[in-house]
Amino acid sequence: MDGRNYTPAEMMAIMTCKEFKDWENVFVGIGIPLVAGILAKRFHAPHLSLVYESGSIGPEKMRVDFNVGDSSAADYALSLSSEWHVFGDLQCGFYDVGVLGAAQIDRYGNLNTTAIFGEGDYYKPKVRLPGSGGGNDIGSSVGRVVVMMKLERHRFVEKVDYLTTPGFLDGTPGARERAGLLGDGPSAVVTDKALFYFDSETREMYLDTIYPGVKIDDVKASVGWDLKISKDLKTAPFPTEAELNALRTADPANLIMGGARERDNLSGIDEYVKITLENAYRKEI
Amino acid sequence: MDGRNYTPAEMMAIMTCKEFKDWENVFVGIGIPLVAGILAKRFHAPHLSLVYESGSIGPEKMRVDFNVGDSSAADYALSLSSEWHVFGDLQCGFYDVGVLGAAQIDRYGNLNTTAIFGEGDYYKPKVRLPGSGGGNDIGSSVGRVVVMMKLERHRFVEKVDYLTTPGFLDGTPGARERAGLLGDGPSAVVTDKALFYFDSETREMYLDTIYPGVKIDDVKASVGWDLKISKDLKTAPFPTEAELNALRTADPANLIMGGARERDNLSGIDEYVKITLENAYRKEI
Amino acid sequence: MMSVSSKVGSNNANKVMSLKDAVSKYAVDGSTICFGGFIGRDCVAVVHEIIRQGIKGLTVIDDSKTDIMDLLVGAGCIKRWEGAYLGYGAIGLAPNIRRAVEKGVPQPIEVEDWSNAAISMRYLAGALNIPFMATRSMLGSDILKYNKRIKVINDPYEGKPLALVPAVRPDVAFIHVQRADAMGNAQVWGFTGNDENKVRAAKHTVITCEEIVSPEEIRRNGNLTIIPFYCVDAVVQVPYGCHPQSCYGYYAYDVLFCGEYHKTSSTREGFLKWLDTYVFGCEDHNAYCNKVGWSRLQKLTYLERQFNRIHA
Amino acid sequence: MMSVSSKVGSNNANKVMSLKDAVSKYAVDGSTICFGGFIGRDCVAVVHEIIRQGIKGLTVIDDSKTDIMDLLVGAGCIKRWEGAYLGYGAIGLAPNIRRAVEKGVPQPIEVEDWSNAAISMRYLAGALNIPFMATRSMLGSDILKYNKRIKVINDPYEGKPLALVPAVRPDVAFIHVQRADAMGNAQVWGFTGNDENKVRAAKHTVITCEEIVSPEEIRRNGNLTIIPFYCVDAVVQVPYGCHPQSCYGYYAYDVLFCGEYHKTSSTREGFLKWLDTYVFGCEDHNAYCNKVGWSRLQKLTYLERQFNRIHA
């Protein structure tokens, strides 16, 4: 294995992890965002506290979570609390950063996780999506939002079909405050090909960093509006071997990063238990 | 000791205890009401659950509480919860009966625990009282209220100076419901001389039971309005020796029933610890 | 005006009953229900029994309940969902929910969108017996646009926009916990979701638990009793009642069993076969455990206890 | 608009400081404060230190806080009380409060009346960062008549009368707990009052505790951590910090010491002498414990542990 042998999902997790600062409280959703949180804790942000909407605050991450309500989310937590308290704490401003995925995003970082209308509408959508979950709440009140999604033209759209989670709304100054929202809104969009930030004046998403081997024209072609590009466009470094190793140890059966099909590579429950225990991250508790 | 050798306060505790039914949840305040709850549990209502506004639900009463927030209030409780949850549960209707004291009461059971105006007013009262505490909340939402107070003419008044806790308000049908109140209001007033109930039609307090040796005229003279008397006026039995014994064991240093001055009868902390442990009510826990 | 007595079940020392009786008594056709836990501590055994009994026309009001909702929707038990999330993150909807919403198979379901914080606040309002709660969520979003039961006001103290959400008062809450006594005092370890509020908001509560313990055991750690007896109507001992979901301190998530479910349920036929095997083919939860295999369940307990133990 | 960062103290591993420093930093003249516990777990050591430092002009917003308010009022620290209860049941007001309210000695105090549930809801609103909460208390009473900050509305869902009470956001909450780690994760045994909400509503929180323990000890029982580190600014170890009040699992109520206080404080002179002996005459809480006598304190611990033990 070397640092150039990695999947787009792995690159996305590693780029996301760098958006967290040490000592922050991160409100994490399930899947890749969570692995990014584990990774940050094992590298530059050992004092990061993860918070789960199920009510777990500051667990030690010794095994990967398959969902935000997996009992693993509660492993040696500093505080085992309630869903409503955690959302109250979110609204109080105690959480610095949240990570969200979406099916659609617009240039102001507004997100759709509810429905793709297609020829239809909200009541007869082409694709019904899961809904807000805690996404709207996080986008409304958390310090800043990091969005993780695949860079595809049908996802980066001029206007989202359904605005599930507010970004900068219409982008006018003070739009969030006028609506009554507390958090500072989206700060970064991490994709499988490039990293985007938001202009502090216009609130518009711009291309900040491109990943190794990706062409600017590919990125522009994957965005449904005339994308602005940083005057100081950067290229991301390759992931390090240490990062890739840590990532693969955190998700030893590759069930999160690799997805559902990886389950077929396991012979059964015995192998799964064995792999989990062999790769458990042991801190002295 | 025989059953005729008792204080008015002891009679009041024993009469109050009879107002509780087995299996009920009783929201208790401090002092004599609490001793009445302990007593009921040791006699006819062993499955009574006591609830304290500090957040304790269903403790075993092995020692007396000096206040509703004494750690004794939490002894082996079934649930140790919060003040706000207990008040929420009160508002949900989970508590059958509450016990309240007051400085003034009117014929409709409205209570004043805030201020005696005298020549003054709310802002310059003759006597400033403790305030509502949880009294208003209990009177608003509990199933029924048992009031405990001394029978004195300056307490049983035509109109309370300040309505801290609603009884039947102006006594008109549906007055409580119109105000938005949930509980059924006062059911009994237990005093040191007699027991009063409320007419289910007129909502007016009437004399139901007189204590041994008390004269009706004494009772009438102690009430500031033209008191109605039950056609079926009863005389309370003397307390039994068992009741008095239980009462005195529940409060072995006589600090609740006897009041503050009884402290001087104790030689010091060693004697207090000894008396408390010797009289502790031991259930197998 | 809610009568005081409407929320008070009879207090008695022994509320223990069978899962079959608890479900048939409280999960009647057309009722409104909710479930405890948050994926972990999901009421899976209860859901199997609801399906086994063929209960129909249920409304579920809940936060994120994908796994058990997929079963209930696929089995045709659900009329309406008021909630926040039905899905598997990037994967999208669960298989039966997708078929119901996109093709009306086995039947269409009504969906009303809320956020998780909104549902949490709706249960908090129910638990306090007040008609609504305020939240700063959903402002500026299309959730408001399509859900007219959310009212945006300028609050009377600060004059700023605020969303109001109405209380929930479901007919019944099913909550799985680690330990309860026969009277219904229920103790939870791990995150607690909205359970403490659901049981207070619901007209009836059924507790399923890993272990029924003595009241004396409960009294040793009253701080863990987040559900007091007076909220509870029935207590049922159902060990491994959350499988294949996790139960903190008792057993880990069965990721492979869930994987099989997803694969099998990707077709309607596969799902029906799955139901025949694990629900209709098992007369009760014990039979389900037999079918899953006690050795497998023990391994999940072993795995969990390498990470989480209950200290009490 | 409240900035997000205004409520977030710096997260760091070690917030331990002396009681003297914590009080001088957070209980500044003119600030608005509240205290944890509910008579049991009263912040007595904190109150002594506030008096020792001569802090003035405090507003206290709280439920039932008779004992510590009597000290603060008598020492002239209090400008205003927004609360529910200052008294001893049938006995009436506490001695210093009576003198302040009835005779303006040592100075008058402003009093605004609420009920305990109303104060609880004001803190719940603060903890959720919403401007108000609804309650069915106080309707039809004179509390409403004299307190214009309680707004009676016909609620927009059911059309029935309802009282709204505004959120509290005190400058600082002082909370005494049994155990906390240096980062501020605080665990409480016994009833919890409104503590979980006070720390979230307050701009700053100071935890005093019987014992500072390791984070590993906290992690063994995360369900008891009702106060997470991010609500906390300072952690102070103050054994017997509630004496003469009780601390569940640690020591019983000192009824005789309280009796002496009442007797002595029945005159202003007696109270001032008491202050000289137990507050000004003790340079810190350790000196207070010396004066009370460690043997006496140990007896209270012995007594408490005959009834309550912490199982963790």
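The chains carry the letters A, B, C and D, assigned in the order they are written, with residues numbered from 1 in each.
Heads up, the rule we're going with is that a residue touches a chain if its C-beta (ideal position, glycine included) is under 8 Å from a C-beta of that chain, and two chains touch if they have at least 3 such contacts.
Here the structure is a predicted model, which is why all the values come from computation and not from measurement.
A.B. asks: In contact with chain A and with chain D at once: which chains are those? Just list them.
C.D. replies: Touches both chain A and chain D: C.
A.B. asks: Work out the mean Cα position per chain and let me know which chain is farthest from chain A.
C.D. replies: It is B whose centre lies farthest from that of chain A.
A.B. asks: Contact counts by the stated rule: is the higher one at A-C or B-C?
C.D. replies: So, comparing the two chain pairs, more contacts are at A-C.
A.B. asks: Just give me the whole-number Å value for how far the CA centre of chain B lies from that of chain D.
C.D. replies: Roughly 27 Å separates the two chain centres.
A.B. asks: Which integer distance in Å separates the CA centroid of chain B from that of chain C?
C.D. replies: Once rounded, the distance between the two centres reads 40 Å.
A.B. asks: Where the CA atoms of chain A average out and where those of chain B average out, how many Å apart are those spots?
C.D. replies: 57
A.B. asks: Which chain B residues touch at least two other chains?
C.D. replies: Each of 56, 74, 76-77, 80-81, 91, 141, 182 in chain B touches at least two other chains.
A.B. asks: Could you check chain D for residues that touch two or more other chains and list them?
C.D. replies: 1, 128-130, 135-136, 160, 162, 189-190, 192, 196, 220, 223
A.B. asks: Looking at which chains touch which, would you call it a line, ring, star, complete or other?
C.D. replies: Topology of touching chains reads as other, fitting no named class.
A.B. asks: Quick one: which chain pairs are touching?
C.D. replies: Every touching chain pair, ordered by label, is A-C, A-D, B-C, B-D, C-D.
A.B. asks: Quick check on the complex: what are the chain C residues that touch chain B?
C.D. replies: Where chain C meets chain B, its residues are 1-8, 10-13, 127-130, 183, 185, 196, 200, 215-216, 218-220, 222-223, 225-231.
A.B. asks: Show me the residue ranges of chain A that touch chain C in the complex, using the header's touch definition.
C.D. replies: 29-32, 52-56, 62-63, 66-77, 80-84, 87, 90-91, 101, 114, 122, 127-137, 140-141, 162-166, 169, 175-176, 178-182, 255, 259-260, 263, 266, 268-270, 272-273, 276-277, 280
A.B. asks: What part of chain C is in contact with chain D in the complex they form?
C.D. replies: 1, 128-136, 151, 153, 155-158, 160, 162, 164, 166-167, 188-190, 192, 220-221, 223-224, 311-312
A.B. asks: Under the touch definition given earlier, write down the residues of chain B that touch chain C in their complex.
C.D. replies: 23-25, 47, 49, 56-58, 60, 74, 76-81, 85, 88-89, 91-94, 96, 141, 143, 177, 182-184, 284-285
A.B. asks: Could you please specify the touching residues of chain C with respect to chain A in the complex?
C.D. replies: Its residues touching chain A are 37-42, 63-64, 66, 83-93, 98, 101-102, 111, 113-118, 120-121, 123-124, 135-143, 146, 160-163, 189-197, 245-249, 252-256, 258-259, 262-263, 296, 299-300, 302-304, 306-308.
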